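Chains: A, B, C and D, in written order; residue numbering restarts at 1 for each.
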C-alpha cells in the first residue's frame, strides 16, 4: 500500500493536481507516525502508512500555514474521513479544493479501533488498499469505561471527574488536536466578557471541559485524538462519546456518517422528547 | 405449536359444537389447544354491570392461570370472553396500583403479560399461506356473508383488531379457502345477543334482518366467530321463519367449520351436523 | 440542614410567556417564597448552556429555565431549539455527575400564573431540603 | 463610568406596604456609578416622571433604572421619559419589584431584601446597556395578497381603494374561491354569485390591482416593508393579452367530458375552459393532462384554428415573475376534510362507513351547493348524481369530522350548522313534496339572525332534526339506508334516503404549511395559521408585515372573513402609509472578525435573518467568510447567540456581558 500511496502522491504533485500532500511520516521504527507535508515529488519517500498512523490529519486543514501551501491532498482513514464530512457540512472545507486519499484500514492499534465502524473511506477521490474483514487489530475491548462510569451514582461520577480535571493544566492540547475545533478565536480566549475562567482552577477546568464537550456534541466523530493528546491522561473523549450516544439515541444521528443527514443542532422536531420538562 | 385455550362457559355448554369445530380444525393445522386448568367465568355482561373491580378480577384470574401454566398466548374463541380478558389485561398493564390490588384478590401473580387471541387472530398467527397450502377441498361452492357482530371488533380501543366499522379479516381467511364472500350491510349489526331469553322478539327481528340482508346480497351461508351470534342465527332461525313466515334455510357456519371443511374434515368431525339448520 | 439556610435560585425566563406568567401570579397576589431571582431574556432560545454553568459559578443552589410551551414560541421555534440543546446538555451534566435535582426546566405560559407559583414554591422547598450546592461551591473555592 | 439614576416607586402602597423603599434607595445609592437613588409615590405619574427628568438633568445621568412594576407595563413610558431628558431610550432598565416582589411576598424584610437584589441586577444590566437607535427600514408601498377568495378580494380592494398598489395571487384560473361556487348564503339567502361577481369584476378592472391568476407563490425573501416575492405563473397555453374570452375555443374543444373541479366533479368541462361563466379573468386555460395536442404534441388544435385572436400558445411555459412588496396578506382559505378512509393525517381514520366516494348519492356540502346553484351542472334542479331523479328524502349530516377526536378533528367547523339549515331550506323551496332530515350534535347558531334562520328551517320548512349521530349508510335497492340514533327520543332511526349530504369538517387549504414556512408564519397542528395574539393581534402574525384573514386562520363564514379581511387590509395600510418604519434595535449582531463561518446560526435562525457573507478589505479583496445579520429581519430572539460556539454572535439589550453582570450582582 505504501508504494501505491507514494506513487499516487508523486503523480498528484507531478501533474500539479495538488501543491501539498498531508500524510504520515516516520522518524524511527516503532514511533507513532507524525504528519508530513510533502510539497516536492522527490520527497514522497517520506510518506508511510501502517498501524502507527493514529493521528487524524484532517486537523491540519484548519491551519493557516497549511492553507497557504495551496490545494492539498489529504491521507485519511475511514474514521478520519468522518471529520471531513462534518467539516464540509460546516462550510470549513470545500471538497473541491481538496484531494482525498483514502486508506483502507485494519485498525491502528488504538483503543478506538475496537469500535471502528468505517474501515474503508467512503468518499475518497482515490482509495488505496482493501480493508481486511478481520475486526480491528485493536486491543481487545476492555470493559467500557463510560458504561462503568454511568453505572456509578452521580456523586461518584462527580468525584471521578473532579479528580481527573484537577490534573488539567489548561494546555488545550485536546482542542488543538481536534479536527472540529476550528474557531479562529476559541471561546476561552474571549475576554470581553470572560465566559470561561481561564485559570487552571477546578472551576475553570470544569467550565472548560463542559464547554468543549458541548461544543462537540453531535459533531464529534470519535477519533479519540483528544484523549490521546492529553498530557495529564484525562479521558476527555468519554464526554464526547457520552453525548454521541444521546445524539444517536434521541435523534438517530451519528456525526460524519451520512453527509445528507440534518445536523442535530440548528434543526428541531416537534416530537423531541420533553419528559424532563415540566 | 401448542397454545393456551380458554373455552369460557359457552363452548362447554350450549355451543360445544363450536369447541368441537375449533379443536378439530386447529388440530388439522397442527395446533394443539391446552385448556387452562381451573378457569372461571369471564364475567360476561353481568360482572361489569354489578361491580367494576369484579369485572376485572374474574378475567384477571384466568389470565393469571394462563401465565402460571406458562402461556404467553391465550385463545378465547368467544368474542365476549376475549374482549373481557383483553380489557382486564389492558387495565392491569395501565395501572400498577390496580394490578397489586387485583393480584391480592385473585391470590395469583399478575406480572406476566398474556396476549389474548380470538379465532381469526389464531388463523393469522398460523399464517394464511400456510392454511392455503393445507387446503384439500377448495370451497368453490361457498358464497359466504361474513358476520362479525358486535364484540369481535368492538370496543375498538380495547380490541385494536380489524376496522371496527368495516372489518374484512374473515373474508381474508375465506379467500384462501377458495370461497366467495359477499359485500353486504349487516356485518357488524347486533343480532340481539343475550336478549335471546329476556326479549326474544327483538332478537328475532334483528337476526331476521341480518339473514335477509345476507340472502339479498347473494350469500348461501353466514359465517360467524361467536357462539352467541350462532345461537341467534342458527338455533333461532326456525322461530324467525315462523314469526316472519319466510323460508331462510341459511346455514350458519363457524369460521373454523369452513377452514375445517376445506382441510377435508367431515361435518361430523367439525360438529356441523349438530347445527339446527343442517342439510346433510 | 440548618433552618437558617435559604437557597439562592436563578430563573432564566422568556419574556413573552413565563415572565408574563410570573407577572400574572403577581396581579393575582399568588404568594410564593422570595428565593428566586428572575433574569428576563427574550426567548428560551437565548438561554445558552454556559448561562446554567455560570449561574452555579455565581453560587446558585438551583437553576430554573422556563419559557413558552411548544408551538407557542413568540419567535416560532426558539423553544424547540432550546429543548434540543437541553436534551443533550442534561446528558452531559449527568455524565459529569451534576446534582440534576437542582436543574429545572418548565414551560409556563402567560396564562399560568398559578403554575409559576407552584413551580417556584416546589423548587424552593426542594432546594431547601437539598441544602446548599456544596459540591459546586467547593469547585469554585478550590485554589482561591 | 456610567452615571446611573435609580428611581424606586411606591406604587401608592402596592409596593411600599411590603417593600421598605427607603431601605432600597439607600442600599442602591451605595453602588458604584449610581449618582441618584430616590423613591416616589407614583413614578409613572407626571410629577414622578418630572422627578426622573430633573435628576437626569441635575446629575447628568446617562442611564436610568426604574424599580416599580413589570416592564411590560411601563418600560415604554420610562424610555420616552428618559429620551425626552436626553438619555438613550435603550439605556433604561426596570426592576420588577411589584408583580414579582411586593405582590407575591408578605414578609417585609425578605421582600425588601429581594427588591434590593432585583434593583442591583437591573443596575448591573443597565451599566452595559449600549445606546441604540431604532432601526429604520424603508417601506415598499405595495401589498401582496395571497388567495383570491372573498377574503383576498376584500383585502385587495380595500388596499387598492386606499391608493396603494396590490398584487393578487390566485392558484386557480379564476378568482372567486369557494364563495363563487355557493348557491345562496345564510342567513339572508341572497345569491352568492350575485353579490360576489361585482367584486370580482372590480378586482379585474382595478387600476391598482395586478392579478396573477393560475399562479402560486414560489418563494419569499426580504423582510417587513421590503419583501421580494417570486410568483410562478403556471403555463396557461393561452395568451391572456390577446385572448378576448369569446369562447370559440372551449366550444370547439372535442374533449368535453372532463369532471369539472369547479362543480366538484358533478359536472363536466372541456380541456380548454374557464371554470365558470363569470370567471375573472375571463381567459381560458388548457389542462395539459387532458388536451390531446399537449399530450401527443400533435393533432387536434381545434381551439387554435377557431381562435380569431390567435391567442393559443401550445408552447407556453411556466413563468417566474417577482413582485416587490411592503406587506403581505394571506387569505388562502379552506378545503373540506377528506371524509372517506384515506386521510392525509393517519391519526384520523375517516368515515368509510358512510360510503362517500363509493355511493354516487352520498355527497358533501360543497357539492350540494353546486346542485342547488342556478349556475350548477343541473341548472339549479336538485337531482341525484346517480340517476338524475329528484330526491324525495334527503339526509343532511353535520359534524362529519368536526368535534370528533376519533375520526376527525376536535374543533367545531363553525359554519356547518348554518349551511346545513340553509341546505334543508333551499331543498324544501325547490322540492315542495320532499323531506329534509338533519342529524346534528348541537345546533350552534351564534350570530346575527342565525338562530332565527335555523328555527325557520325547522318550523316553516319542516326540516326534521335528529339530535344524534349516523352509524352507517348503505345502499339497498336504489335507496341509501341511513341508520342513526335520535338521542332525544332515545331510539335508533333508519331513514331510506335518496340523497345524503355530509357537512364535512373545514380544514386549511392544501399546501398552506409550505406557504407558512416560506413566510415564517406559525401554524397549528391542523395547519391553520397562527395570529400573534388571539385577542389583541388577531390578524398579525409572528412574522412582521405578514397578515392573515379568512378561513386560513380558522373556520369562518362569509361576513367574518370579509370583516377580518378589512382588518388585515387596515393593518397593511398602516405600514404602507409610511415611507419608512422603525423596528426595535435589540437585535443580534455578529463579530465578523472572529466568526468561524460554520453557519450554525444561519441554520438556526427562525427568521432566516442571518446570511452567509464575505469580509472584504476596503479595496474589496476577499478576506474570509462570515455570518451576517440582516437587522431588518432579525426579531431579536437570540437563538443564534446560544448556538454560536465562539460567541461571535451577541444580542443587543441582552448581551452575554449583561447577563454575566446580572449574575455577578447576585453574589
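Keep this in mind: a residue touches a chain if its C-beta (ideal position, glycine included) is under 8 Å from a C-beta of that chain, and two chains touch if they have at least 3 such contacts.
A quick note: this is a predicted structure, and the numbers were derived from the prediction, not measured.
Chemist: What is the set of chains touching both chain A and chain C?
Modeler: In this structure, the chains that contact chain C and also chain A are D.
Chemist: Between A-D and B-D, which chain pair is linked by the larger number of C-beta contacts?
Modeler: The greater number of contacts lies at A-D.
Chemist: Centre to centre, using CA atoms, which chain is the farthest one from chain A?
Modeler: B
Chemist: As a quick test, compute the distance in whole Å between the mean CA positions of chain B and chain C.
Modeler: Computed from C-alpha means, the inter-chain centre distance equals 57 Å.
Chemist: Distance from the CA centroid of chain A to that of chain D, rounded to the nearest Å?
Modeler: The answer is 47 Å.
Chemist: Need the CA-centroid distance for the pair chain B / chain D, whole Å please.
Modeler: 52
Chemist: Can you give the whole-Å distance between the Cα centres of chain A and chain B?
Modeler: Computed from C-alpha means, the inter-chain centre distance equals 62 Å.
Chemist: Which residues belonging to chain A are in contact with no fewer than two other chains?
Modeler: Chain A, residues with two or more chain partners: 195, 265-267.
Chemist: Spell out, as numbers or ranges, the residues of chain C touching 2 or more other chains.
Modeler: 49, 54, 57, 71, 77, 81, 85
Chemist: Using the touch rule from the top of the page, what residues of chain B touch 2 or more other chains?
Modeler: Residues of chain B touching two or more partner chains: there are none.
Chemist: Dump the list of chain pairs that touch, please.
Modeler: Chain-chain contacts present: A-C, A-D, B-D, C-D.
Chemist: Name, in rising order, each residue of chain A that touches chain D in their complex.
Modeler: Residue positions touching the partner: 90-92, 182-187, 190, 192-195, 215, 263, 265-267.
Chemist: Provide the residue numbers of chain D that touch chain B in the complex, in ascending order.
Modeler: The contact residues of chain D facing chain B are 352-353, 472, 474, 476, 481.
Chemist: Going by the contact rule at the top, pick out the chain C residues touching chain A in the complex.
Modeler: Answer in residue numbers: 49-50, 53-54, 57, 70-71, 77, 80-81, 83-92, 94-100, 104-107, 119, 135, 138-140, 142-144.
Chemist: With touch defined as at the start, can you tell me which chain D residues reach chain C in the complex?
Modeler: Touch residues, chain D against chain C: 70-72, 96, 98-101, 103-107, 110-111, 113-114, 117-118, 121, 520, 522, 524-525, 542, 586, 604, 606-607, 635-639, 641-643, 651, 654, 659-660, 662-664, 666-667.
Chemist: Write out the stretch or stretches of chain A touching chain C in their complex.
Modeler: 146, 149-150, 154-162, 195-197, 199-203, 206-207, 210-211, 213-214, 217-218, 238-239, 242-243, 245-247, 250-251, 264-270, 272-274, 276-278
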